[in-house]
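Everything below concerns the one structure shown next.
Letters A, B, C and D mark the chains as written, and numbering starts fresh at 1 in each.
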Amino acid sequence: MSAIDAKPPAEAAAPPAASGAPAVSPAARLLAGSRWRWYEFAFWGLALGSYFVFPNKLMLISEILILGLLALSIDLTLGYAGLVTLGQGAFFGVGAYAAGLAAKYGAGAGPWSDPLLGLVIAAGAAGLVGFVTSFLVLRGSDLTRLMVTLGVALIVEEIVTQAKSVTGGSDGLQGVMSSNVLGMWSFDLYGKTAFWYVLIVTFVCFWFCRRLVNSPFGLSLLAIKGNPLRARAIGMPVNARLVAIYTISAAIAGLAGGLLTQTTQFASPDMVAFHRSADSLLILIFGGSGHLYGGLIGAVAFRIMQDFIGNITPQYWLFWVGLVLVLLVLFVRNGIVGLMANGWRRLTQKSHEGKNP
Amino acid sequence: MSFVQTAAAVETASPVLQTKALCKAFGGITATDNVTFSLPAGARHALIGPNGAGKTTFVNQLSGVLLPTSGTILLNGVDITNWSVRARSRAGIARTFQINQLYADLTPLQSVLIAINERENAASSWFKPVGVRSDLVDEAAALLARLSLSDVIHARVGSLAYGRQRLLEIAIALAAKPQVLLLDEPAAGVPEGERDQILDVVAALPAHVSLILIEHDMDLVFRFAKTLSVLVNGALFVEGTRDEIANDPRVRQVYLGEEVISNV
Amino acid sequence: MLRRHLLLGFAGLAAMSAAAPVAAQETVKVGLIATLTGPQAASGRQKVAGAKLYMALNGNMVAGKKIELIIKDDTGVADITRRHAQELIVNDKVAAISGFSLTPLALAVAPVITQAKIPAIIMTAGTSIITERSPYFVRVSFTLPQQSVPIAEWIAKNGAKTAVSLVSDYGPGIDAQDAFKMRFEEKGGKVLEQLKAPLANPEFSAFLQRAKDLKPDALFLFVPAPTAGSLMKQVIDRGLIEANIKVVGTGDITDDDQLNGIGDSVLGLVTSHFYSAAHDSPMNKKFVEEFKKANPGMRPNFIGVGGYDGMHAFYQALEKTKGDTDGTKLVEAMKGMSFESPRGMLTIDPATRDVVQDVYIRKVEKKDGELYNIEFDVVKQVKDPIHK
Amino acid sequence: MLTILFDGVAYGMLLFVLAVGLCITLGLMNFINLAHGAFAMAGGYLTVVMMNRMGISFYWCLPAAFIFAAVLGVVLERTLYRRLYDKTHLDQVLFSIGLIFMATAAVDYAMGASQQIVNLPPELNGRVEILGANVGVYRLFVIAICGLLTIALQYVIARTRFGSRLRASVDDGRVARGLGIDVTGIFALTFAVGSGLAGLGGALGASILSMDPSFPLKYMIYFLIVISVGGASTITGPFFASILLGVADVAGKYFIPAVGGFIIYTIMVAVLIFRPQGLFTRSAKR
């Protein structure tokens, strides 16, 4: 959130008198940008509370969280480093299969079969693929990047369907047995364990990303996004930073994939398919990029919309999703979070005006 | 050519930056033609020449944005010809751009802090929030204060007036504490009244920093520079002190003449 | 006025609260997970139409209980299939789930139904192994080996010494080609090459050319129904039939739903399958007629009949348990069940819970201006040859 | 062997006609229209409707498909696409994916999800011997039509006044505008012709490529490959790229059926690594 909090444009227009008020040191002001806000507590409180409010929908909520985590991973590259990509599904899929294979072959190996270790493996495998392919996105225009990442995703999909002996091919990976989390909690039919497991892992990942984007490293990513030429000129190792964030983003996407495999106990090629990459990008844009929350909120909104429209016209919901997308691009800047931030700003400004005179 | 005959005073000072037979060709066009040049420590040097003389191309090679076709560039006697932009920057070459290269969505404080973080190797820290190193933030604020940008350190860069953006451009370059500062038309497009401010800032730079200024505004050039080089068609046409250049008939003909005429 | 409204409202509320527990007690829910969007959407519609038709014709009361069908769209994505299965079981408390248009979708629910002890009636997916993945799977559709073996025998009997197979590269395709090869070679033939085309690949010309250049006596084909149309067009376009290659396949390639669109060029094509809309029985005549009436523009195919029979199997099982919805009892009731379907006689093998049925050898012919698969030979009560 | 080459060329030619409009408009406006395949689908479905429901001759369907898709293209360009020229590539990609979704669902609604099959007139079925290769008459027909179109396109672009203006605009839109060339008008026209060609390609390909509602998404990837290998802004680049892809795809599947699907993706990524501006383009201009 630092990106917007640290620079409310309203402040720019504020009269110089404001700076004459008791001065907050610049460092304190920057630090304040990374402090937890009430709405953040509210968001996670709601996520937590959904367990009690929608006990029938725990699987769906887990799925939304996983989708949100995937979108969050794209936010790191797109929203902070400004890398436009269309192949996040590749990392999601690699993570999904890595976790699946770990669970399949690690089953019964005591602590070694723990899902948490599986997640580490998933993140590691996806991170590795991300690191290797990151060198492809360092060059070229946005368009080249879109196509290269799409190409990588397609190749991963081909590999998954071709390497039958390892992945099970088009039929998906069978025989994934998720062990109990920390040897204690088994995945139940109601999805209770899955819910807590996914919620906690997602929160930890979110917290990590939040530290990351509020750090000097995160600030330097914003610099690269803002002006790579300038960033290079001040001596920033731009390529190394991009490789780093791309790898981290891939690892988190892989983690999300691992979560899906572990909670559903199978992996199939559609976890790598084009629609994963496209949907997750849409979700992020829908929610608004560059705020960390955009992916999560976008995932919630997307699924609610899908459910709502799907109930009216199950066969043609795609049409309405398409329409929403088109309208979004034409009329809304910065997604839902952007809309909310604007609304909030207007609201607070009005109340200020109300008080002052 | 060098400064040997003309600038006896700085002869003793060893050159910070040198080029030897530097050439740059784009397809069939020679943009830099065999330039051998040397910049003493603490220089206040201006690079002038008509439009298309290859001034920016030359600066781009010094800063590493472009690699020369042939020739060498030395920094403190070390060959940096094939160094990356980043390596040169870390070795002490900083620059401003003819067209503002800023982070429109960040604040001036952040913009300068980013450069300071790089200089202090603090930018790869990923866990502690920005602002924990208050010493660095204070330094950034102080630097912005020197360029009289204190009142806008938290504003959005894109919302600043053009003249102030030019100042920020210089502030970012200075944040690296450079040895050599390349200023590419710092006053271009800046309204008359704000030019002086930029000039004052430039004049107040520490004496040990070597400066190269590209500028069209002859008034500004002669107020600032102690030595000048004139570039014509990519080649070094003449070099000398301020007075020598001002009185050189050839320069008046190829360059100042034009300037005078166009000013009339 | 107001008073009357209030009173009415009250009465309504009272009625509702009185009726609610009774209804809950009396209603048995069945989940139908079909693929209604995406490339497999056509199959989902057949299945839903078949299941709804069964309920329309046979009423919704079984053993004194009201049957409610809950339809979900899984868009052909396995993790959504699984989530729907889980939600149907946990939230809707269904007595059974059914559907599954593709093998991976069926396999995805295996852990759920095993854990929940809820039967899953497979209405379409045709890979042998599915029923081995959970003791709660019951299949009323078919398995690929079951369909491939009769045609292998038939083609060997009719003089083919060599053959090439071309299938879609996924579970059912592999099953089909392996079963074909096994039986064809048992009968003294030789399979020259087993070609596999990517599942998502619409361009078969290279594979067909290769098949043609190998000069076999016969070419065996299997692709999922929605792709069959373009494959058959390319087979004809490539002149395999003129090159004296006998083209045969499982009935998927002459799918009833699409047969008329493929055109006259497939006249005479021989396939083996368990269902044809032209199957000659009073029951099937009625089925086809009612199906067309309820779904204008559609002709029932094997997926439609799968949906129909799936519902029948559930009705019968519930009848047998006298309304007891315990999953294990329902599966037990389905084991060994035997009944007449529009396709002919059908039995659920008590050992494998897989379908045992007649497989017909059919030829494409024109009847009343439309193309049909006309059955001319039959292999009685074929078991899946791969199950142990 | 020759037959394979022939099939590959026919497939490649078809890809070219489908994708060429996208390549030119991309070069012209730097605008990426992923929904290009939707225009092809429009042409394909129009053919299906005209032939199967109205019984109109296949030969009339081809020009009709061209005109229909072209009109559709110009209407959408004037009403929607033009609003996106100054937006980011990301916005453009999302917008066109949205359009793909809408087109897919709309066609599904109107025509059903199953594959549509076109029955060609009898004289186009069957096979003939040419140079010792046994080739399908229809593929020959496709090659002939696409070949003629390519020659016509090349002529228009290289020889006509419109062509020179188009080339100037693609080379540098700003300069062209400065010279008084109506770039917007040229773009609208090019967009219409490009969409029309896609529609024609859809009509021609309806019997080879199989028309179903997921067509635009399925072939989007092929279009992207043609662009990335052939580069935007000329028509010879995409032409050779299409032929190369067609032949590589068909030959790959023929000779090594097991990995056939990989080949084109690998070519795409390899090209983007080693020649990011495309294999068949002049050295980078910008």
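The rule is short, and it goes like this: a contact is a pair of C-beta atoms (placed from the backbone, for glycine too) under 8 Å apart; a residue touches a chain by one contact, two chains touch by 3 or more.
The structure displayed is predicted, hence computed values, not measured ones.
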Contact-graph separation of chain C and chain D, given in steps at minimum: 1
A-B compared against A-C, more contacting pairs: A-B
Distance between chain centroids, defined by C-alpha means - chain A, chain C (Å): 39
Averaged-CA centre spacing for the pair chain D and chain B, given as whole angstrom: 50
Centre distance in Å when chain B and chain C are each reduced to the mean of their C-alpha atoms: 75
Interface hub residues of chain B, defined as touching at least two other chains: none
Residues within chain D bordering two or more other chains: 108, 258, 261
Overlap residues in chain A, where contacts from two or more other chains coincide: 315-318
Contact pairs between chains, per stated definition: A-B, A-C, A-D, C-D
Contacting residues of chain A [partner chain C, same complex]: 56-57, 59-60, 63, 161, 169-172, 174, 189-191, 260, 264-266, 268-271, 275, 310, 314-318
Interfacial residue positions of chain A with respect to chain B in the complex: 2-3, 6-7, 9, 11-12, 16, 19, 25-31, 33-34, 211-212, 214-220, 222-223, 226-227, 229-238
In the complex, chain A residues that touch chain D: 78, 84, 86, 136, 139-144, 146-148, 150-152, 154-155, 158, 162, 274, 278, 281-282, 285, 315-326, 328-330
Residues of chain B that touch chain A when the two form their complex: 63, 65, 85-90, 94-95, 97, 101-107, 109-111, 113-115, 117-119, 122-134, 137-138, 140-141, 150-156, 159, 172-173, 175-176
List of chain C residues in touch with chain A within their complex: 36-37, 41, 71, 73, 76-79, 82-83, 86-87, 89-91, 103-104, 107-108, 110-112, 115-116, 127, 133, 169-171, 198-199
